[in-house]
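Presented below are the structures under discussion, each in the form of structure tokens.
Here come two complexes built around chain A, the first alongside chain B, the second alongside chain C.
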Partner chain A sequence: MEGIGYKILGAVLTTILAFVVGMFYGGFSRKIIARIQNRVGPPVWQNFLDVLKLLFKKTSVRYGLMHHFAPLWMITMSITTLMFVPVLNDGLFFSNLNFSGDIIFLLYIMVFGSLGMALGAGSTGNPNSAIGVSRGLTQMVGFEIPWVMALVALMIQYKTTSVTGLMEVQSQSGTWLMFSSPFAFIAALLAMPGMFRYSPFDIVGAPAELASGPISEFGGKYLSTMMTSGSIFAFVKLTLYVDLFMGGASNLIVLVLKTFTLYMYPVLWGAVSARFRTEQSVRYFWGWPTFFGFIALIYAAF
Partner chain B sequence: MYNDKESQKIVDIIQNYARKHSLFILAYGTGCGAIEIPPTMTSRYDAERFGIRGSATPRQADVLLITGYLATKSLKRVIKVYEQMQDPKYVIGFGSCTINGGMYWDSYNTINVLDKYLPVDVYINGCMPRPEAVIAGFVKLQKLIQQGKADGWDIYKKNIDEYKANQKKIITNWVMPDFNF
Partner chain C sequence: MNSLVLLILIIAGGALLSYFGHKINKILGNITVFAVALIIPIYWFTQVDFTETVSFTVSGFHMELGYNMYGKLFSMIVMILSPLALIYAIGYMKDQKKLATFYFSFLFSILGMTGILMSRDFVSLFIFWEIMTWSSYLLVIFLGKDVQKTGIKYMVFSAIGAYAMLMAIVIIYKNTGSMMLSDYFGSFAGFTLQTKLLTGILLLLGFAVKSAVMPLHVWAPGAYSNTPMAYTSVFSGALSKMGIYGLGFVVVNLFAQANLEIVGYVLAWMGAITAVLATFSAVFQHDAKKLLAYSSIAQLGYIVTGIGIGTELSIMAGLYLAVLHAAFKGVLFMVVGAVERQAGTTDMNVVSGLARKMPFTFFTALIAIIALAGIPPLGGFVGKWMLYESLINNSNFLMVIMIFLSSTAAFLYCFKFLFGLFLGQQEPEFDHVKEASPVMIIPMLLLSVFLLVTGAYPGIVFKYVAEGMTNLGFHDVNWQMSVLTNAWGDSVNVQHVYLSVVVVFVAFLIFITWRGYKHSTKISTKDISSSGEMIKPEDNMTYAMDFYKPFQRVLQPILKWKINKYYEDFGKGLEALFDFMRRIYTGNGQTYAVYVIIFLAILLIFSKSIFGY
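Up next is the complex of A and B:
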């Protein structure tokens, strides 16, 4: 009985932690982009104010059931994904649910949030949303291939299909997987900006050409829920990368340092680059990242 | 504690604080004043430090920025956009043309006083207003929101018949629903 209590407490704590950290990362990225553009920039807690304000807005739009469900679906999927990613190496509260096949499970469930968004955007009937959804799914086909290749290479090389198994491998051998299987790391790292949708790959929500794409009919509480879900999901992805390739983290300070360093890579790349077109984005992902994915598979098999 | 006036006051303070510091603007940039928006948002005058941020669609926006004169043809679109925005929403009239018609005061196809057709919360004077003036206008709007006085959306709802009558006087071929809420 005590174990269940700790698990529930841990789940709640992890969700709050992911929300707060993800929100602050968003704020820091806005500040850093502003400093790059020689501006002062908003305060780092600006995203909290945005979410709070959107939560207080009234809504008088009805587009049917899926329009209501899409933000809920997204936040549910974000939190579900969070539940399967161990936040710390051996924390009492942050261990969460793990089982022996959870990398395969994560590969599936990480797509579900975008799927919910696609369904919700489809039910609004806005043409911008439809274009945004088709672009998003095309881009997902692009970056999922090197990402899946990297993970399959890891699973073959270390003969385990669980995140905790890979973390144990790292803690036993003492080297991070980014050094002991470098090609998988390179493939996963090159595929990463596509997941975060910062600038060269922000073709889904392109505000100037698509009027923010799939979310163009979502305002107020819907948008607030989506922003919350997005910041939780950013934390999940970063934590997963740290768990898989950078040896996990033994305490929260190390986790924040590692995830923030990793987060700066798509943000800084985005701050200095213009937007790709859809086919350019897919061509990028099917170029060098997929090549390194192949190398990683060959490296893992032999 | 439940729904009494004191707790409502606290909720109002929190609400107004959040609304004040996070303004998503939708610039209706058909007038010449739209040329002053990019300098206001970018490096030199940086409106983002006040929490002001551009938004792409009316559904997400809080502030409708009418930059300059409005032709009778575009008034229809502005009304549509304004009614698509979600409450609470604010309108900023930008430049002399929205106040009294400015240099287009005797033109046959522009409106003169914007306030007859949409509830304007803040006017920014000038032809055209400099980015400093724009930021001053936004700060004024923030003060009004903090005091709870920026209630143009409420006034619009209460006097909807009057506003609709005024709008229909200008727009002769009204081929859209009466309300776009």
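Up next is the complex of A and C:
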């Protein structure tokens, strides 16, 4: 299990896995949304085609270094987060850097990409990008609160702040945390759609209002890197939820089943709802999700 | 000669020399300032003997100066930040008048801070404290802006703090018969509960004013933003830490030892509330200086929370953040100063798109903001992490949420600061802007390098923090060069984080730059995709006004409630009271004669009950 070569191989394989799974999830969600709206929809591998097509397109314009770096911040964040989130239980799959970080660290590194992206978008001078960023950051203040409340409740209840520690708690007790700390799970689940930015929380991209917001000045390789990063990040977030609340997964098939089930929740919600305004979105997150967050904290502390 | 006395003489001499140098001419003055800025830290780092003490007796009061490790930690902040700010000031203050006064007050405030940190008795502590307050007051009113409002506010609050401290000192002297800090610490356990609380809380009040804890923060936004930025970086970076220094030893050496943790706990809550409310205020500022001023208050709130909780990890977090805050706030105030000098204004509704004009300034601002926001892999994250973990380990779950709310909302103003000044569209009116002079850039770059290094090796700061904490009474403070561990044994290896970030970033940088970057053309920020709408080059499309309007709508109920209003009402009440007093003291001799007669009449009537005959 030693050797730097093995570690690098592990990291690369994990990344590829996350990329492929995330891409297919994107494809499936497009298909499902299309069927709900009574359309045929694109094939499930459409996202791969998009990324490839963009990859081979010529990048014709740039706005300077911040713009050039923006997709890099995103992908750095996605892959780094992936390295610190356990993919499977018991280190069966490559453990990467799972033991070098904990939940507080994950919370912070997950913001890194969005802020880098925000800076890149800001440097283009496109007002739509800036509006998108302003909305996105505001929404983040919204959903982070219940999400953090849920996590703090777990950490206080089980006296560990690491993801691996919480997974161990689940494997030892045999119950998933979603059953043993139900309120934390409810709060986290209610906060989750904010992270995935499907309707009604798609206020950042907002296709019809903001011309896709922060990403509107990015094309070619930039956009393809961003899409790659997006799909990896979707996988990471889902895996983190599964690790924390649903007992992790012992093999890849179980992992895919669990994450896909979880993923369908924001997608299906999104398919049937209209967009919130920014303040409505924040008020939503500071309403019931935060209420359940409080209950979870009280439940954990006493 | 004793090295501590010499240190004080060097700083005082430096102040006089720069004063007279600038009286003679500018070049001579600047050379003197530069030399002083080099000599002071070099002397401090190489020649000062930290075991030495000086003692002397003035009119019956025994005074003693001497470093301890806790004071040394804070002295390092002063000794690194202030010289850099002095060098920066040479560039920043180039076109100002009255430079002699400026540098004199600047160096005297350094003298005050140095003295505070080596005082071992209350008399010298108080004297140096007042030197610091007065010299900083002279700098707050230096530019003559809003003297009525900010100057008086600063003075009034400083005076409240100073009198509280003086009162505490008198009570302590009455109870112990000694002015030494160590005697006070030693006999604290023997005091009655009332005396404990009275002296301790009065001291806390004195220190809390300087560290701008709500509700004593009112002076800070105005004072921080009206002072010349070269000094504000010291003001917010180092001078406010004097308050933290005092809070630290009062909370840990006194209250925690005497099983009165509740005081620290209340202080921690005040810090958390300060952090949240000041962050919300910072988000809606459109002047970059005001934004940073509120952000300073919020950051000091974190530090106060860390100190107040009083566990090993939280104190470490507080002290580490104090060091880091000095570095990144130092840089940020210098950045604002550079922008102010080069572009003429710091109003974020007006300025935009300076990143291309001032690349170095932008780079340092970026580094400092990343550290401020606490995003890995830079040093700021380490402090945030320790603070959260210490709160979670202690099950202070509500406080964690408060701090988290504050630092998530901090992302908003962090982005706004960078976006407002440096990003967005380039406007023709700022075409003339050039990069600031190297004298200003180099101090900023040096501090940024420090922030970059602490991301991977926070241990270089922990070393001194741990020494200082040993002095506060913690044994075997646990620290490692780049692994952070909390009380439950969970850890973060920041070196792995750094490695991962750098490797992935470089890999994709090559990928994205290779074939493509060269062939793409760099275009102006006016050349944007606008969905078919025609945008003329002179149209300003930057979205900066009311940047967080939706957030403002969410917070509407909270924002109405402003502490400043209560102080102003209180002030108006006082004015009315004094108005009434003035009616009594008319200035007319006959009225006073009537008062005397009335007084005598009352004496005659009630003489039986008063005098007994």
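Convention: the second predicted complex is superposed on the first by the 293 of 302 C-alpha atoms of A that agree within 3 Å, B and C clash if a C-alpha of one lies under 4 Å from a C-alpha of the other, contacts with A are read in each partner's own complex, and residues count from 1 in each chain.
As a convention for this text, contacts are C-beta pairs under 8 Å (C-beta built on N, C-alpha and C of every residue); 3 or more make two chains touch, one makes a residue touch a chain.
This one's a predicted model, so the numbers in the text were calculated from it and none came from an experiment.
Visitor: Would chain B and chain C fit next to each other on chain A once aligned, or clash?
Guide: They fit side by side.
Visitor: Considering only touches as defined above, state whether A:L49 meets chain B (first), chain C (second), both or neither.
Guide: After superposition on chain A, A:L49 lies in contact with chain B alone.
Visitor: Return first, second, both or neither, reflecting whether A:T59 touches chain B, chain C, both chains, or no partner chain.
Guide: Touch status of A:T59: both partners.
Visitor: For A:G165 in the superposed arrangement: first (chain B), second (chain C), both or neither?
Guide: A:G165: touches chain C, not chain B.
Visitor: With both structures placed on chain A, which of the two partners, chain B or chain C, ends up touching more residues of chain A?
Guide: Partner with more touched residues of chain A: C.
Visitor: Rounding to a multiple of 10°, what is the angle at chain A's Cα centre between the Cα centres of chain B and chain C in the superposition?
Guide: Nearest-10 rounding gives 110 degrees.
Visitor: Of the two partner chains, chain B (first) and chain C (second), which one does A:S134 touch, if any: first, second, both, or neither?
Guide: It touches chain C, and chain B stays clear.
Visitor: For A:A211, select first, second, both or neither according to whether it touches chain B, chain C, the two together, or no partner.
Guide: So A:A211 meets both chain B and chain C here.
Visitor: Let me test your reading of the model: by the given contact rule, A:G220 touches which partner, first (chain B), second (chain C), both or neither?
Guide: both
Visitor: Look at the superposition and give the distance in whole angstrom between the closest pair of CA atoms, one from chain B and one from chain C.
Guide: 6
Visitor: Mind sorting out which residues of chain A both chain B and chain C touch, each in its own complex?
Guide: Correct list for chain A: 58-61, 211, 216-217, 220.
Visitor: Name, in rising order, each residue of chain C that touches chain A in their complex.
Guide: The touching residues are 353, 355-356, 366, 370, 373-376, 381, 384-385, 388-389, 392, 395, 397-398, 400-401, 404-405, 408-409, 411-412, 414-415, 418-419, 423-426, 486, 488, 490-493, 496-497, 500-501, 504-505, 508-509, 511-513, 516-517, 519-531, 541-544, 547-548, 550-551, 553-554.
Visitor: State the interface residues of chain B toward chain A in the complex, per the touch definition above.
Guide: 14-15, 17-19, 21-22, 42-43, 46, 48-49, 51, 53-57, 59-62, 86-88, 181
Visitor: Can you name the residues of chain A that touch chain C in the complex?
Guide: Contact set of chain A toward chain C: 58-64, 66, 68-69, 71-73, 75-76, 79-80, 83, 97, 100-102, 104-105, 108-109, 111-112, 115, 118-119, 122-127, 130-131, 133-135, 137-138, 140-141, 144-145, 148-149, 152-153, 155-156, 159-162, 165, 211, 216-217, 220-222, 225, 277-279, 282-283, 286, 293, 297, 300-301.
Visitor: Using the touch definition up top, name the residues of chain A that touch chain B in the complex.
Guide: Per the touch definition, chain A meets chain B at residues 30, 34, 37-43, 46, 49-50, 52-54, 56-61, 128, 207-208, 210-212, 215-220, 223.
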